[in-house]
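Submitted below is the structure of interest, expressed as structure tokens.
As written, the chain order gives the labels A, B, C and D, with residue 1 at the start of each chain.
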Amino acid sequence: MDNRPEHPSTREAPSRTSSAPPDRTIPSSADLLDGYRSVRQRSRYLTRGLVPEDQVVQSMEDVSPTKWHLAHTTWFFETFVLVPHKAEYSLHDERYPYLFNSYYVQAGERHCRAQRGYLSRPTVEEVWAYRKAVDDAMEAFLMEERPTEARALVELGLHHEQQHQELLLTDLKHVFSVNPLRPAYLELADRSDEPARPAMTIEPRWVSFPEGVYEVGWSGGGFAYDNEAPRHRRFLEPFALAHRLVTNGDYLAFMDDDGYRRPELWMSEGWARREEEGWTEPFYWERRDGSWWMFTLQGMRPVDLDEPVCHVNWFEADAFARWAGARLPREEEWEIAAAGAPIEGNFVESGRFHPVPALPAGDEGSGRPTLDQLYGDVWEWTASPYTPYPGFRPAPGAVGEYNGKFMVNQFVLRGGSCATAQSHLRPTYRNFFHPDASWQFSGIRLAKDL
Amino acid sequence: MDNRPEHPSTREAPSRTSSAPPDRTIPSSADLLDGYRSVRQRSRYLTRGLVPEDQVVQSMEDVSPTKWHLAHTTWFFETFVLVPHKAEYSLHDERYPYLFNSYYVQAGERHCRAQRGYLSRPTVEEVWAYRKAVDDAMEAFLMEERPTEARALVELGLHHEQQHQELLLTDLKHVFSVNPLRPAYLELADRSDEPARPAMTIEPRWVSFPEGVYEVGWSGGGFAYDNEAPRHRRFLEPFALAHRLVTNGDYLAFMDDDGYRRPELWMSEGWARREEEGWTEPFYWERRDGSWWMFTLQGMRPVDLDEPVCHVNWFEADAFARWAGARLPREEEWEIAAAGAPIEGNFVESGRFHPVPALPAGDEGSGRPTLDQLYGDVWEWTASPYTPYPGFRPAPGAVGEYNGKFMVNQFVLRGGSCATAQSHLRPTYRNFFHPDASWQFSGIRLAKDL
Amino acid sequence: MDNRPEHPSTREAPSRTSSAPPDRTIPSSADLLDGYRSVRQRSRYLTRGLVPEDQVVQSMEDVSPTKWHLAHTTWFFETFVLVPHKAEYSLHDERYPYLFNSYYVQAGERHCRAQRGYLSRPTVEEVWAYRKAVDDAMEAFLMEERPTEARALVELGLHHEQQHQELLLTDLKHVFSVNPLRPAYLELADRSDEPARPAMTIEPRWVSFPEGVYEVGWSGGGFAYDNEAPRHRRFLEPFALAHRLVTNGDYLAFMDDDGYRRPELWMSEGWARREEEGWTEPFYWERRDGSWWMFTLQGMRPVDLDEPVCHVNWFEADAFARWAGARLPREEEWEIAAAGAPIEGNFVESGRFHPVPALPAGDEGSGRPTLDQLYGDVWEWTASPYTPYPGFRPAPGAVGEYNGKFMVNQFVLRGGSCATAQSHLRPTYRNFFHPDASWQFSGIRLAKDL
Amino acid sequence: MDNRPEHPSTREAPSRTSSAPPDRTIPSSADLLDGYRSVRQRSRYLTRGLVPEDQVVQSMEDVSPTKWHLAHTTWFFETFVLVPHKAEYSLHDERYPYLFNSYYVQAGERHCRAQRGYLSRPTVEEVWAYRKAVDDAMEAFLMEERPTEARALVELGLHHEQQHQELLLTDLKHVFSVNPLRPAYLELADRSDEPARPAMTIEPRWVSFPEGVYEVGWSGGGFAYDNEAPRHRRFLEPFALAHRLVTNGDYLAFMDDDGYRRPELWMSEGWARREEEGWTEPFYWERRDGSWWMFTLQGMRPVDLDEPVCHVNWFEADAFARWAGARLPREEEWEIAAAGAPIEGNFVESGRFHPVPALPAGDEGSGRPTLDQLYGDVWEWTASPYTPYPGFRPAPGAVGEYNGKFMVNQFVLRGGSCATAQSHLRPTYRNFFHPDASWQFSGIRLAKDL
């Protein structure tokens, strides 16, 4: 028992936690080089069909222009790897750090977020020249084995770029959506080789979990963000999760039952926002000639009732769950349910950029049902505000601003989406957005107390 | 036609929880009558020194005019007790429900909150006539023993009025504070009979608690709000709480160490607000001739270094704790620490309307230190976002809007303040405000992981 | 070192104009004392039926609380007469100048206009004590004959208080109107002694004026504001004015002809405001059970088709005129038409506080028609932006801020209203408001080119 | 004398005015074809150095993207000439009218102005394809002599495109200015062949005009906008204009004399805006290392004291004039002074895109001084609110929205700028902007009463 008399504000390091993420295995320079080439190449791949005009626009403050994402991820490697760790490196352009720092206060002054769409220069071509210069330096840098600290920052940079690849897609979706022409990011590839999917509505089932003290959080080994640590214990009362995601059909039933007109289903703040902004359906849905359509990265499409509902914000997800007599899962419930499950699903690699319906489970009748659609398709809103784990310590230095300073007024989402890279995900991964955010691929899985 | 598949959302009652607050003992009508007279009388007492002009002003949207509080608490009894439960009751004024419903959507349309200060009528005198009429009806009503449901609503109404008595004081403080004349609510009573308090800074000490599965939440018996139930289990890693509140002196050290100029100490949203609104010291502090003064309900006073710091918002409390190498307590940590402690302290009954310094502990050297200032003085910000407990169910009907619909983007505070009635408090009590709120008597107790 | 060339900007006084208002006759102290008592007494009279609560509220930024008007007009005499001109005068309360200066930058710092409704203190009673103290000092001051400059300031102060008496009424009307109880300022006096007015719609007729060089502006003699000088010449093309004001019936025809739904009738800015704020009828009109009602200082009343339309803003007046194939008068056209006409009409002295219908003209068939309703009833919007006259010079000192600094983005109104004192008006009087203002008694007279 | 008894709102055409612009000579189709090619070619020329990214950005609501200007001017010909007047013309893209209609309500629904910068598509290339298609159709159309009405609309379209060429430049200047890289629109051409300009400050002189009845407004003949008609008479008191524009040096003297810190020099609204937005120097000026620099279309340059001050808004111009003991000219004063003067000066054709200093007058000592810099360099703010001339009638149809609906809350500017085409100007030309606009090439000429 601790009975120390000294003042709380002595600012010594708390005794129990060490720097997060602790003790993990950092890949070798050679492995990082492979990863670097692969991740950087994907940014090129994802933007191959765009014209320069597409890459300039910022259609709301949350959105960044494509070329900004391409430059910012490059700035990250330049600032956190090359400048401190590469001998005699000089900046590609000394004006770029000001333009392409996002929010790292400790990394210097930066351009106003709301004005990223006001920059016609540097051009897309100049941004690619910037990427080329940094790629050359990074590849040279990774030709030798580097100290742990430098390698850890390279690894962080790769995960960082994967995150921005997802944002690049969701941001482009928003940019195209506000254009009355509704341009498609992707002209739908010929899908004749895909077997026709039968119209098939999957019955949802509850999967139960007993009460107990569980461990959650990063358990060591591979990469994790600091916000996933430290591993710690939680007591959970018994609960159940729905085995599949909520579908557009489920959500339409909520809409048809006046879900958007019944304040008793909503949080007070959500209702106020709903009234101010006139929410009456999920973001990107449009009523055309008596039918529901939705904007996708492939352009406008009729709403498919069997697909997971998508682009709902937390207030909508919460109201839907209340209407359904259920609730949203807590993040630890999701993590416990996901422990041991394979990381499989509909990710960015599928090239669909859109969620797909659940398939009939192979395990029907086999006893305990398993959870479907855990990874990919849509990020699953949880009931958990985004807070630090017991013993959380941000990573030291500017990269410590990556996660920790956002732990207020946001909610955790789990599981990744159709715009997330498969290699980016793990059971302990915590994504987070404000409860009014709907431009991400965000959906709903129901939970209940037992 | 609805041919939905059987879905988790069948809205059956969850199996485990019953209506909250469950199974509690409801006082008899006779006891409620005593309580009614006592609580209602206090509203008269608290407003005895005011002129009509004081009772009209709404100095910001969060603030309500005094006469609105006096009428709204009356409307509560009229709407939830007299109208449904008293035979042949007719409304005192059929236009008042529209004016004095605060946010109960299920109780009908209501006046815009932001315009409460635009109402010169009904006058203060008319509001007191309204109170008189409802008091007469309520007292007659309580002359007989009434059904449980009705008595439960009377009891709820009394706690409701106690809450509004506290708001009435904090709102008046704000109203007076924005007036360049800085009027005092209370001309400072002669304190010559109070022993002079020696300048005495109490060293803070840590009080430790071991890991374990703890029970938290309302355990039955007396009154509780629905948000305190059901009682449930939590696993806690070992932690410690500071034995006393953070003082003005402690907080000045933070200010002097550039606490308001170091973004790394702040949540990102807090820092943005700080920059927009120019926070540089606690709310109600003013710099005069090189010294710090503060506005109190007794008028302007020099800042007393030994008093608990007050009128800090959550962002400030969180930044201070980070600067101090500590953190804010979780609400369950506070509740566990408070379990079994007497509900003693500096409450509204003291007539001070201001927090007071901690006293030297009598138990020094006696072994385990105890926590001081747990109740009264200032509400203690916790690290816990305000969320439903596992199994939470709002009370049925419009009174179910009392708590549940606010469970987003707010933080829990514990322990009551110098403006709270002693009888209003209990260890499981959960107060909640947005993280930018600073017009309440809100302060800081530090915690840390062990 | 300044070695600027000799430039036009040498700031010598322009050669032609002298200080405005020039060469006018200033009443004697004895006459001013009579006027002082009379004007000050009217402020008491106009507020005799109010409770303190009514006098605190500021229902929008343009509105000031009654007690603020009462104090501000008092501050004007104290600041501009007593302080500079009365020996050994000391301020009634040294904190009041900060509170009750409206916009005179040269008279010192002042309280924020938008927060006048946040002040519960000084109380109404304290404001009357302030008035009493200043009245005593002013009456003593005027017992002796005073220098011209001092007497001119007293006279200005009386006209200033008359203006504020009108604002006090229009502001109270707004305060009461936003209250769902719709309280009446004036319980309608028994009008049984008034002869019943027959329903009688007066046909409008055009009164024509030939082209020519006319003189406009203050021609010397009695009081005028600086903005009415100097007298100067204007060439006017031939024009005509309607002999009476536009009525509610006329305006309803515009509404029934989709006047609020046809953008081609509106200025672009007016249309944008109309869409943002949903204008569909004059301010203070309400639809009740299929009929049009209006809020008046006597409470809610059915719209009378023969009364002049009132509480229209400039955008509405301009759109109505365009719909009618006409236009608004220019201010000089109005002044020429009014030259020589008696200052008669429905003023504040009538105690109606509401415009009345035109009466059948006695001169019908007698030859040239005359203009009716020139003075009183409603201020008449003109087509003239409020600009300085050729040779205009503001009065020296802080009182020079009275008029001149508002000469942008406002329009001139002429003729006074049912809330204006008869003695306050003259043919050259220029009132001015922003084109979106509708809380004044403002109406329409049509004009056209010939 | 008109003594008609009918109601003013009979909406017959006023008797005196005919459709504006009246009776003017419309060029032949052959001449219009020459003009068409010339004007359209200039749009190509002005955008020749831009990359696609430059043409997408909307840096504030007043600004439109370059490609929007290029498409909107094309839409104008398509909508007002080709669709109504060319047999069997079909729209190039039926979705474009929605996107490229600016504010013509009668021409159909349109895209939100504030979101023009959200459109990545159509691309710059697609916009040029649109221009090509319309050019082909227009050139074919103009191969034959067309009816007067159609030819008048072609002529209007050419002047319209010239206006947008100026806006295209001022908008690009703003777009580049908000970019921290401060890109230059124009890499400064080699100026070695220009004779070095000696530092030479020209003394300003007053040019006087006697009182009298003057005619102003369009006098027939060539093209004019409807707002320049009808010609009418004005009486003017004697006045004088400064012979040259106010220079940066003059303006610096105002700044050095605390011009931005003395509220008595400012209109009340201007002062409020100054305080809110922190105006302390002309738009585009920056303080660098103790010197004043300005952003130009050639990039950043030190402020040249002899150049005309530029990018001041009306509030600044008015305050400067008051400080200088002078005033701004009325628009009719400017027009009278300009009558008969040659339309010469520094226009867009010079390729400088920046104002130049006045030259020593050749007429010094020759008697009456003449006015310099009347045309070109900078638009000259006048003291005249933008109002309709007596007898003004907007052109019929949607093109009648070109000018008339903006006649409120704006001020007239005269004389054109360094970004205006010489052929676009004439003495009666009335430009107009809101008094807070500073992104145009707007400057100051002083006037005074005599």
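FYI, a residue touches a chain if its C-beta (ideal position, glycine included) is under 8 Å from a C-beta of that chain, and two chains touch if they have at least 3 such contacts.
Treat the numbers as computed from the prediction; the structure is a model and nothing was measured.
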item: Chain whose Cα centroid lies at the greatest distance from that of chain C; value: A
item: Pair joined by more contacting C-beta pairs (B-C or C-D); value: C-D
item: Inter-chain centre distance, chain A versus chain C - centres from mean C-alpha coordinates, in Å; value: 60
item: Cα-centroid distance, chain C relative to chain D, in whole angstrom; value: 36
item: Approximate Å spacing (C-alpha centroids) for the pair chain B, chain C; value: 48
item: Residue numbers of chain D (touch at least two other chains); value: none
item: Chain C to chain D touching residues, read off their complex; value: 2, 4-17, 103, 105-106, 203-208, 210-211, 213, 232-240, 242, 250, 253-254, 263-264, 266-271, 314-315, 318, 323-327, 368-369, 383-385, 387-388, 390-391, 400-401, 405-409, 435, 446, 448-450
item: Residues of chain C that touch chain B when the two form their complex; value: 51-57, 59, 67, 95, 98-99, 111, 115, 117-124, 175-176, 178-181, 183
